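Common to both upcoming complexes is subunit A, partnered first by subunit B, then by subunit C.
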Partner chain A sequence: MTTRDDLFEFAEFDETESEHIAAPRYSYWKSVWKTFIRNKFTVFTAILLIALVAFAMIQPMISGYDPMVAPNINNSSMRFLSPSKEFIFGTDNVCNSVFDAVWSGARNSLFIAFICTFINMVIGIALGAVWGFSKRLDRIMIEVYNVLSNIPFLLLAMILQYIMGAGFKSLIIAMCCTDWIFVAYFIRTHVMIIRDREYNLASKCLGTKTWTMITKNILPYLISVIMTYVSRTIPAYISYEVFLSYMGLGLGAKNASLGKLISQYTSYMNSYPHLFWIPVLILATISISLYIVGQRLSDAADPRTHM
Partner chain B sequence: MSNSSNKEVLLSLKGVDISFAKDGKKFRAVKNANFDIYRGETFSLVGESGSGKTTIGRAIMRINPLSAGEIIFKGKRISGKISKEEDMDVIRSIQMIFQDPAASLNERATIEYCVSEGLYNFHLYKDEEDRIAKVDAALESVGLLPEHKSRYPHEFSGGQRQRVGIARAMIMEPELIVADEPISALDVSIRAQVLNLMNKFKEEKGLTYLFIAHDLSVVRFISDRIAVIHLGRIVEIAETEDLFKYPLHPYTISLLSAVPMPDPIIEKQKDLVVYDESKRDLSGPKPILQEIRPGHFVFANDREMAEYEVKLQQMEKERAELDK
Partner chain C sequence: MKGYILKRLLRSLLSILVIITAVFIMVYSLVPRDNIFKNDDTFRKLSAKPDDKTDYIMRTWQNIGYLDYQNMSYYCTGLYGEATDETRACVLAGSKESKEFVDLYESKGYTVKYFINGAPYAYKDLPVISRLASWFGNMIQIDHPWKVKDETNPDLERRLYFGTTPTGGVALKCSGCEYKYQIYTDSRFPFIHQNILTVYLGESYPTYKGLKILDVIFDTQGQEVKKTVTFETGQTGESSIMFGTCRYKSVLDRLDQNKFTDHYASCMYKKATPSMVGISFIMGIFSIIIAYALGLPIGLAMARNKDKLIDKLGMVYIIFIIAVPSLAYIYIFRYLGTTLFGLPSAFPTLGAEDIRSWILPVISLALPSISGLMLWMRRYAVDQMSSDYVKFAKSKGLNQHEIFKNHILKNAIIPIAQGIPASLASCIVGAIITEAIYSVGGMGKMLPDAIKQYNNAMVLALTFMFAGISIISVLLGDLILIWLDPRISLTEKEGRN
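Now for the complex of A and B:
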């Protein structure tokens, strides 16, 4: 078979043209957002979570609920009312609205969980990043870790309660006293995994300082790992608080909390089971949605899912 | 080195030993390495995997500490502890091009940041405008477009990424570049592109390269002088054509025999020489690196030197007859 030359013509090749990238411009955070909202269930959970948190923050301000104030305590007709229009979740043993009590408790529990997570994360990430980088610091810190991680948490909480009295401060201190070391250890391990990768050697050869390496080369790679950790930590602190309050080591009588409500209502488990189940369900909903949203956010933060 | 006394020595390794210790066991990766690199030349280091070529390159970048000997750069010792100003100065003057362009770029940073990283560290720009102008110029000099600045490394092809790696080294205006197998991870079709780019910079800016490779056909194309390294020991140093014409050390011969010929008939008849140190006669005094012809060094003792001398004369005779 012969080919006819006049059927073909020379195509011109432009070298600069071959360098162009046809794909749309890539933006990291935009892609995170796009991946996150791709799943309808995730969006629904996120909206539910935001609504719950916002309601827990606002509702107590309107109701002005205070566990020390029980205006109807002597009015026996107000005791253990079933849910109605006036009292959405009914009333409890001291004739207060369970609805107000639950949201006020949720607010305090969330508040403590957020504060503790924030403090532990900031200390833990900053320390862990340096710890993972410095071999000299590692030798000291690993001993500090061995000591701190072996202090029984419950004992520490009890002692602090004795010294400082019950309240926000002692509870937050108890939960932040040793927990940062676990965050730091977790971050340290991850820093060590990527510390000696070639692009970090390249940065070193360009004279980049350790701190810039941490903020520009290491932490951006850890965003999704940190998000996973946070999404596990916040619900963990909520249940910690519940656990401590249930043990009588929580916030004290002046402040409501989900843990305290649950422990208080346990005695009515048989006669008025809704009293017990309402705070438990609120707790579960907040914890689970926090966990789901955090997980999905950390998945979305991984650029491998951005395709 | 006698024949090159008129050339300026830029970098010199003197009795360099590098060992790695693990669980009390010491492993000598580089044994007593001695060589000079002259300004403006491309000096290649060839050898098989694990022979210590990259270790030497990293020692010059001061990533691997020396266990003995010293490295002299422009007449000053740069190995071991040096002052902070000197350290910064050396970082600027010696830059590195890495083997794997995918692994050596920060994937969470834009090309703009990758290229300006050195500028930021040394504050080599007047203002923001000047920095961007410099980045644009560096990208253009390696054939990339200024619009690539806001892109991320994963959007580029292997060759483009390697050129970003070159741009980031070149923007520091270094004097010596350690190129650690810069084309091994690249597609065959774009290897020439990167090599030509490196040669272009050599001519334009009078750069000096330490080129680490295992592919002799590439090394022959790019280098002025070659050092052959085997199990951490430099066995032969010579000018490129000398080494290819008159290989002396058995290891060099076996390495050259492994270069594929683009002719299937020759390739099928070729005798592959496999180097096996245990089958060699290693009797006699301890060998050292000795100069057999001006600029041609070989690792041998006196007995071997005499053998090599005979062999070399024979080869020179054959070559002279061929040329007639």
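Now for the complex of A and C:
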């Protein structure tokens, strides 16, 4: 058979067509989102979390709760009421509604936990990545770590409270001024573990810049570890605040917080158990949903789960 | 490698210096001094007598180490001796000595002020540098026959000699040293003890007044353990005395004279409950053993059965521990333990000798560590599961068990092993909340209490100890890291490699 030229046509050169790649389109963030909403339980938890946070933001504005004001303090018939229609969570030792106290406390505690996590994570990850990568810097940073991690935290918190008075500012500064070094140290260890792996050696040999190696080779590898850490850190800061309130170094008398409520109501654990359990349950619900959402985000953020 | 460790240890010493300096500055210049008296009953009682109050304030500040305080009674006693007629005349306001006193201390740079009754007093803040120097200078004490300087006992012999201890051991004894038994043997571990080199980190004030800080935290507590002993004079009696710890005592009372032939009568006594460090360490060690023995296998099992029942159950536990503050879950756990198993709710109820007292605190302490280890073991193992070498091992035909045991565990354990020295170190620091809830007399409360009660010497000593321990544990952690994973190197390689 001979080929007949008239059966063929010349095709026009189409630039867009020639650049087209036949593989399915991959967008990282879209895949993260898709993996995240695949699980119904996760979506439910995320909605619950958003609702709780929103309620904690809005409810105190409506109730106008102030721990310094106790209008019914002399009315003994209103002390330690059990949960009822009027007082959903009952009343406490100064005859205030526990419902208002808990949500006002939740707002402050969440605020502190978010701010502290954000500050510590940003500083900690950025420094930790560079610290783990550079052996020369390691020599200095190990000593910085030794110094900062060994200055007694309670002493620092107490001094800040003397200087600035009890309140948000002194508490946040106390929780941030040395805590980032622990994040950085954690990241440093992980960077060290993968910094000398073969693919990084190869990358180094090919002349990749340090900054590119950190941001493109190493940090993406650590995303799951970092997300696990973050989802643990936010509840941890709320617990930390409970501890500080227990030590008498919390937000002070003027501001409500979950930590203060819990440590304050611990003494009523046997006589009026609802006083103790309600703040603990609210705190637990917020922490659990935060943790689950964080874990699922970290799973979804891992590109290996996108296939 | 040896060079690296040595250099790092040397740099650590510098870090400790920086830490101690920072804490010195914090406790001596940033904490307001007046707060010390906020909860002081003696101070409140003195409010009707302003002169005594001023004197009390000054003496307290001097004891805590803020300043050097001088008044007429110190000055006159120095001139004429204690309780003589000249001294009594000298202390009175307007005496000729008070003029000399003012001139003397003004020339030395002291601030001179007057009491309401007219008598002068002088004080001078101690600069941080000189305090620091004396703190480090006194840290290591070497005992020698010329150590004791006692004016009331000029005939004190100065010599070292061999002899025996009242309990039948051999000893290198000393007269004129601070400790009588310099080196001695007894039945207590490690059987040979020495008192030549001792570490001194200051004296405790205002809590545990007058005791050496290391004695406060390293001494046994509680009831004395008595047994029949024969004293140096031949007298026998029931006593818990530990002869090896006997120190020089200047003024002996009748009881001392009945028991001892010389001035070494200030001894320590053996008590039933372990020391603060001891209690915290025992509790910590057992809780760590429980935590690693449970946390690692469960975490690994969770990774192996990812998204199956065991993983979900483990997750529920981890989330519970993370979400509920420790204060709350320790109370819950204590409630369960006391009602279901009849275990004591407080440590002192049955005391340290009864094993039941230890169960609840140890497990409470282990609860968070178990959850942490489960969480991270699972995370690291899951991260390893999707790596290429696991896929390769699978394609070679290895079964799940072999892959986990020989490949995944070895890689996943690396970051966990790095944390082992740090968790051991945290035993010594103690657990604040657990110890408070069970009223355990451990180390946990020491630092917070010292900070709250302005026991500055204690704050410094504890910071120094904890810093030293934690710095060494960080170094050990790094050494474990490179020992387990030879791919990691801590030192920069030479150019030719």
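Basically, the second predicted complex is superposed on the first by the 242 of 307 C-alpha atoms of A that agree within 3 Å, B and C clash if a C-alpha of one lies under 4 Å from a C-alpha of the other, contacts with A are read in each partner's own complex, and residues count from 1 in each chain.
Keep this in mind: a contact is a pair of C-beta atoms (placed from the backbone, for glycine too) under 8 Å apart; a residue touches a chain by one contact, two chains touch by 3 or more.
The shown structure was predicted, so the numbers you read here are calculated from the model rather than taken from an experiment.
Enquirer: First (subunit B), second (subunit C), both or neither: which does A:301 touch?
Expert: So A:301 meets neither subunit B nor subunit C here.
Enquirer: Applying the document's definition of touch, where does A:159 land relative to subunit B and subunit C: first, second, both, or neither?
Expert: Only subunit C; A:159 stays clear of subunit B.
Enquirer: In the overlay, answer first, second, both or neither for which of subunit B and subunit C A:113 touches.
Expert: After superposition on chain A, A:113 lies in contact with neither partner.
Enquirer: Could you say whether A:130 touches subunit B, subunit C, both of them, or neither, answering first, second, both or neither?
Expert: neither
Enquirer: Using the superposition on chain A described above, determine whether A:207 touches subunit B (first), subunit C (second), both, or neither.
Expert: After superposition on chain A, A:207 lies in contact with subunit B alone.
Enquirer: May I ask you to decide whether A:197 touches subunit B, subunit C, both, or neither, giving the answer as first, second, both or neither?
Expert: Both partners, subunit B and subunit C.
Enquirer: Please tell me which partner, subunit B or subunit C, touches more residues of subunit A.
Expert: Result: the larger residue contact count on subunit A belongs to C.
Enquirer: Of the partners subunit B and subunit C, which touch A:184 in the superposed model: first, second, both, neither?
Expert: neither
Enquirer: With the two complexes superposed on chain A, say which partner A:292 touches: subunit B (first), subunit C (second), both, or neither.
Expert: Second partner only, subunit C.
Enquirer: Which parts of subunit A are in contact with subunit B and also with subunit C?
Expert: 197
Enquirer: Write out the stretch or stretches of subunit A touching subunit B in their complex.
Expert: 15-16, 19-21, 23, 25-26, 28, 197-199, 201-209, 212, 216-217, 220-221, 303
Enquirer: Using the touch definition from the top, list the residues of subunit B that touch subunit A in their complex.
Expert: Where subunit B meets subunit A, its residues are 61, 63, 88, 91-92, 95-96, 98-100, 103-109, 113, 117-118, 120-122, 143-145, 147-148, 150-152, 154-156, 160, 165, 168, 172.
Enquirer: Considering the complex alone, what residue numbers of subunit A touch subunit C?
Expert: Spelled out, the residues of subunit A in touch with subunit C are 135-136, 138-139, 142-143, 145-147, 149-152, 154-156, 158-159, 162-163, 189-190, 192-193, 195-197, 224-225, 228, 232, 235-236, 238-239, 242-243, 246-248, 259, 262-263, 266, 269, 276, 280, 283-288, 291-292, 304.
Enquirer: Which residues of subunit C touch subunit A in the complex?
Expert: Residues of subunit C touching subunit A: 8, 11-12, 14-16, 18-19, 22-23, 26-27, 30-32, 35, 319-320, 322-328, 331, 375-376, 379, 382-383, 386, 414-415, 418, 432-433, 447-448, 451-452, 459, 462-463, 466-467, 470-471, 474, 481, 485, 487-492.
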